[in-house]
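Common to both upcoming complexes is chain A, partnered first by chain B, then by chain C.
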Partner chain A sequence: MDRPSFIVDRPSSADALLRVEDLKTYFYTDTAVIKAVDGVSFEVNAGETLAVVGESGSGKSVTALSILKLVASPPGRIVGGRILFKGRDLVNLSNAEMRAIRGKEISMIFQEPMTALNPVYTCGEQIIETLVLHEHLTRRDAKTRAIEMLDRVGIPAARQRVDEYPHQMSGGMRQRVMIAMALACKPAVVIADEPTTALDVTIQAQILELLGELQRELGMAVILITHDLGVVAETADRVAVMYAGQVVEYSNVLDTFTKPMHPYTAGLQASLPKLGEVVDRLRVIPGTVPNPARFPVGCRFHPRCPVMVEQCLQDPALESIDGAHLSRCWRAREIAARTLDPAPPPVKA
Partner chain B sequence: MTDPVEVVAPQSPGVVFWTQMKKSPLAIAGGVLLGLFYLLAMLAPFVAPYPQEEMDRTKYFHPPQGLHWIRADGSFSLRPYVREERLVDVGSFEYQEDPVRELPLRFFVRGEPIYILGVLPTSLHLYGVDPPGRVFLLGSDSFGRDVVSRLLYGSQISLTVGVVGIIISFTLGLLLGGIAGYFGGFADTVIMRITELLLSVPSLYLIIALRAVFPVDLPSRQIYLGIVAILAFIGWAGLARVIRGLVLSMRKSDFVTAAEALGFSRLRVIARHVLPNTMSYVIVAATLSIPGYILGEVVLSFLGVGVQEPSASWGNMLNQARSIRALTTFPWLLLVPGTAIFLTVMAFNFLGDGLRDALDPRRVSGGKA
Partner chain C sequence: MTEATRTLLEVTNLKKYFPIKKGLLSRTVGHVRAVDGVSFAVKQGEVLGLVGESGCGKTTTGRCVLRLIEPTEGSVKFDGQEIIGLPFSEMRRLRRQMQIIFQDPYSSLNPRLSVRRMLTEVLTVHGLANGAAARERVGDLLRLVGLSPSQADRYPHEFSGGQRQRLGIARALAVEPKLIIADEPVSALDVSIQAQIVNLLRDLQKEMSLTYLFIAHDLSVVEHISNRVAVMYLGKIVELAPSLDLYRSPRHPYTVSLLSAIPSHDVTHKKTRIVLKGDVPNPAKPPSGCRFHPRCFMAQPVCAVEEPPLREVAPGHCSACHFAEEVSSKTPAGV
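Showing the complex of A and B:
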C-alpha cells in the first residue's frame, strides 16, 4: 500500500477531520471507578489510516465506542476531553444530532461478522434500512444501491445474495456485508474494530486489501483498531499505541517499527517471533496488564518496565520527543538517542 | 476475489420453516384440527341445527341419537336417519327408540333466522329434521337444549378467549418486557416489581378476586370481555419477564450495537432489531399459552362466575356435568365438552411443539452456521 509521507510529518493541526483530545471514559460500578479510557488523544485526516494498537483491556474498543457515543450509560460516561469532528465537539451533541452522524458521517465495522449482522433480516435489508434512513432514498433505489455496494465489496452474484440471510454466508462474506453496510452512506470516518480478528488468515488479507481500496476510492479516514502488529505495518499511516487506557506512543508507522520510543512498544515488537531467528523461548513482557480499577501510580507501565527508574513513580506526559513522534515515558529521550535499550531481556531457559 | 462461486438459491425463512414443519405430522394434524374448529366456530349459527338457548321441555337429558342407514324393513337408505325416541321412565330419564318413527336427516333446511359471520342473514341450517321431530346427535341437556348447538356456539367464546387474550397480554408483555430489558435502570425495576407482585398471588385467587370487581349480572358480551381482560392481565407478567431476559442478553450483542452505530433511534432498534429476534420464542409461547386461557375460561364458567346461562361456553357446559349422577347417567354432558377442550388443548400443544422445532434457529439447515 502506498503511504504518502507528507501526512505523517505534518504537525498536529486544529483543522484535522477527527481530533480526539484528552478523552476520558470512566465506568462507574458499585465497587470502583474503572478508567477504561483515561486521556487519549489522536487525530486522523481524510484518506489516512490511524492504527490504534494495544492488548485486550487497553481501552481500544471503548475509545472507538466513545467516538460514536455508544458507551453503555450507565455505567459508562465520557467524563472529559473533546471529540472534534469537522470542527464540532461530539461530546456536547444531543442524541438526535449524534444519530444523524452515526452511519452517515462516522460508521463502524465490528470484529465479529457472525454476530454483528441481525439474523432475522436479509443482508440487503440491513443496508437498505441505513440508506433509507440517512439518504432518504426510496426502497427501490436503496435496493439498487445496496446491490451496487455488495458488488463493490466483492460479493459474487450480488443481485441474488442481496436477499440472503447472514446465516447463509461464510464469515468472510459477512464481513464484506458489514463493510458494505458501514460504507453505504460514504462516511468520512470509518472505525474498524479488529475487522479481521475473527477471520482466516487468507481472508484477512483480502478484507484489508478491500478496505484499503475503498478508502482510496471514497477518501475516508480509517481508524483501525487492532492488536496485530503485522496488520499495522501493512496498512497504517500513523500509530497510536495504547496501554492501560492511555496513548503511550504516537508516531508515523515507520518510526513505530524502526525506532520505538516507549519500552512497551519496544516490548511488543521484541515479543514477535522473527523469521529465521532460532530461540528457545519467545521474549515476553513480564507481568500482566494492570487492573483498570487500580492502576499503578505514576507511569502505568512501570511495574513491567525493564528500564524503570524512581522518576517513573510520577506521571509522565505524552510529549513530543522528535517532531511528531510522541511518547509517554520519562526516559524517551535516552531511548531516542539509543543510549538505552528498552526491550525486555531474553528469557533464560 | 471475484472467482466464480457457486450460488445456491436463497432459502427464505418461510421455506426453511415449512421443510421443518413437514417433519412433524402431529403438529400439522394439530394445526389442521384447530383450523377446522375455528372454521366451525365461525360458521356456528349455520352448522348448529338450533339456537343455543332453544329448549324442548319434553326432551331433557335426551341421549345422543345414532345415525341409521338400514330401515326397519331391512332396506337401505342413502340418506341417514335418526329414530324418534320417547321418554319412558321419568325417574331415570330413560328413553326408548321408536323403531318405526324415522326422522330422515335433511341438509340445508330452513330453520331459525340467523346471521352467518354476524352479517349474512339466512335461515338455512346445515342439517335438521322435519319438525316437530328433533335431532340430538350429541344428546340434550337438562333443559332439552341440543348439545351440538351449544358446543358450536360455546366454541365461539371458548376458542376466541385465548386468541384475544394473548393479543392483549402479548402486546403488554412485549412492550413492557422490551422496555425493561432495553432501558434497564429505574424502568426495569418498576416493571419487574409489578410482575413479581402479579406472579406472587395465586392465579386462581387472583382470577376470582378480579372477577368480583365486575357485577355478576352483566350482559354476556361484557362478561366475555371481562374474562379476557382478567386472563390477559394475569398472563402478561410471565411473558414480560422472559422477554426482558431475552432483550437484556441481546442488548449487549453486536448487532444491536451495530444498529445503533448506523444511527437508528432506540425505539427503532427495539422494534426492528431486538423484538423480531424474540419472535420465534413469542410465537411458540403464544401457541402454548392459548390452552391456559381456554382452561381459564372453563374454570371461571365452571365456578359460575364466567359466561352466564343461557349463553353457552365449554366451561358452563361442563358445569352441568358436575354431579355423580351426571357422570353415570348422562355421560355425554361431560364427555362432549370435555373431549372438545381436550382436543383443542392437545392440538395447541402439538402445534406449539412443532412450531418450536421449526423456528429453532439451531435446526436451520442449508447455510453455514
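Showing the complex of A and C:
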C-alpha cells in the first residue's frame, strides 16, 4: 500500500514552523537495539499547542530530546527521519549550530525543576547566563531583563528573589523560574516535558494558565509532552498520541476526544475515571506497556487490542483516514464509519 | 450488611508535630504541625477517601493510624480498642488486622526476596501457615490479585509496575486484614494500568468486605472508589461528606477550588476555573484563623481571626468554614 504523504489536506505544511518527519532514535546497547522512537511525525506552527501524549516508555521524552539533539550519543542515535525547523534540517546541523538554536529559538521546560536548575547558582544567574550568551546583553541589562521575566511569570518581589537559590523556592516557584529561563530569549518553539506532573493540582492550574498567557503574548509554538489527557483536553490544539515509539493517532483535539480512530486512544479515554461520572467498574486496557527492547511484531498494540484481527500482525502505516485525522490502525476506516467500537468492553466483576 | 453500622476505626483529635532542630545542640526551635487535630471514623466495610495536596498531612495521618509514626497526641481506636500506647508485642499482633499498601511498588518490595519467600515470610511470622499449607496459600494469593502461581519463584524486578503493585496488594492481603490503608496506590502507575488496579482494589473490597482508608491526591480516582471523602488542608480536615454530596455540592471553598483545578476531559465545554493564588503555606507557621483564608476567594475579616470548627452543615456533611452555607458549586462564576 502506498504511504500517502503526511497530512494531505494541509498544503501549507511544507512551510510549517517545526515539522518532524518519520523520526527514528535508537539506543544501541550490548544486548539489544532499543527503538525508543520509531516513526514519529508531527508539525507545529506559531501560536499553536501540540500535545504529545503517551505512557512511560512510549518515546515521548526521547522525541523531545531528539528535537534539541540532546540524546546522549553513544548509546543513542538519530537513525532516520528529518526535523525541519524554519526549513533547515536539524538532524544535519553541527554542535555549534545547535547551540545557537537551543535556548534561543527552541527551548525546553523540564518536568522536575529541582534537578533541571543548577543548585549552586542563583535563579537570576541562570537566566542572565542565557541572555548574555544569546542576546549579547551586558550583565547589568541582562539582570534587569531577568527581573522583568521573573516578575512576568508571577514571582512576588522579583527584585529580591532574583538573588535566591533554587532550594529557597517552592516547587511551583521553581517551575516559574524554569519558564522564565526558557522564555527569556522569546523562542519560536517551547518544548514543555510534563511541566506540571510534579506539581499539585492547584499549582498545576496556575502554571498552565501562565503558559497559555505567555503563549498568546509571545506567539510561540508549544509542544506539550504529557500523560494527562485532562491537561491535553484543556490546552492543546492538536494531539499526537504515542504508543511504543510511534505516533498512532494524530488529529485536532476535538476529534481526538470525540471520535478517536485508534483503539489505544479510545481505550485510554474509556479507562479514566471521570469526575462526576460514577460507574461500577472502570473499563480496562488489558496487559502492560511493552518493553522497548522487545516490541510486538506488526501493530505494536495488537496484543492488548480488543478489535485485533489477523492483519494486525503486519505493520500498519500512519495514514489519513479523514482529512487531517491520521491513524496507524488497519481497522481505522471501520472505526471512522462507526461500524466498529474500538473501546474495550465493560468488564464484569 | 448487618455490620455496616459498626465502627472499625475511630480517630480522635490526632496530632503529629515534627520538631525543627537547629544549631550545635539541636535545640528545638519550632514544630511542623503535619497533622493538627484530625478526627474521623470508618465503618466496617466502608471506603473512606482522604484527599489533599502534598504536605497536607494525609500520608502522616495514615502512618499514625498504624503507629508506623508515633502520634504526638490523640486517640486511635481499632475495633473498639485503643491502640495508642499499646506495647510493641500487642501492636504487632494487631497489625495483622491492619495493613498498608504503599505508593511506590518499586521501593516497597525487597528486591532480594522471591515472591514466594516474601509471601511465605509474612505467613510464618504471623503464624498463619507453614510448609505445604503456605505453598498453597501463596498460589491462592497470587491468583486473587490476578497473577499466576507459576510466577511465584520470580523476583520483583521481573515484574512490571502494575504487577508489582499487585504483589504489594497480595502481601497486604496475606494476613487477612480487616483494614487496609492504601497510600496513593495508583499514582505511580501508567494511565492504562491505573484502571486495572482500581478495579482490583474495588473487587477485593466487595468480595472480602474489607475496609479501606484510601489516601490519594487524584480526586477522580477517590470519587470512584470511596463511600465518603475527607479533604485535608494544612494538617486539618476541612470537609468530610458522602462522596456524592462532596463532589456535587462541596461546602468548603478549598474543595470547590480543588475540584475546579482538575483539568476536564470534556473538550466541548471549557469550564470556568478558580485559580488559587499563592502556594500552600508553611505548616510550621500556619496562618491565623482559618488556615485557608490567605488563598480563599470568599475570605471575610472574621476568617483571619477565628478558626472555624468542623461542623455538620447538612446530614452527614461536615465543613470547617464560617460561610459553609453560602458555598455552592456555582460559586466560581462570580469570582
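Here is the rule we use: the second predicted complex is superposed on the first by the 333 of 349 C-alpha atoms of A that agree within 3 Å, B and C clash if a C-alpha of one lies under 4 Å from a C-alpha of the other, contacts with A are read in each partner's own complex, and residues count from 1 in each chain.
We adopt the following convention: contacts are C-beta pairs under 8 Å (C-beta built on N, C-alpha and C of every residue); 3 or more make two chains touch, one makes a residue touch a chain.
Because the structure is predicted, anything quoted here is derived from the model rather than measured.
Novice: Which holds for A:L133: it touches chain B only (first), chain C only (second), both, or neither?
Specialist: A:L133: touches chain B, not chain C.
Novice: Using the superposition on A, tell me which residues of chain A are in contact with chain B and, in the other complex, with chain C.
Specialist: 170, 206
Novice: Show me the residue ranges of chain A that touch chain B in the complex, using the header's touch definition.
Specialist: Those in contact with chain B are residues 65, 68, 70, 72, 74, 99-104, 107-108, 110-112, 115-122, 129-130, 133-134, 154, 156-157, 160-161, 163-165, 167-170, 178, 181-182, 206, 210.
Novice: Within their complex, state which residues of chain C touch chain A.
Specialist: Going through chain C, the ones touching chain A are 53-54, 160, 162-163, 190-196, 198-199, 202-203, 206, 217, 219-221, 223-224, 243-244, 247-248, 257-268, 270, 273, 275-276, 279-280.
Novice: Could you please specify the touching residues of chain B with respect to chain A in the complex?
Specialist: 1-5, 7-13, 185, 252-255, 257-265, 272-273, 276-277, 279, 361, 364, 366-369
Novice: Along chain A, where are the residues that touch chain C in the complex?
Specialist: It is residues 55-56, 170, 172-173, 200-206, 208-209, 227-231, 233-235, 253-254, 256-258, 267-269, 271-276, 278-279, 281-286, 288-289, 347, 349 of chain A that touch chain C.
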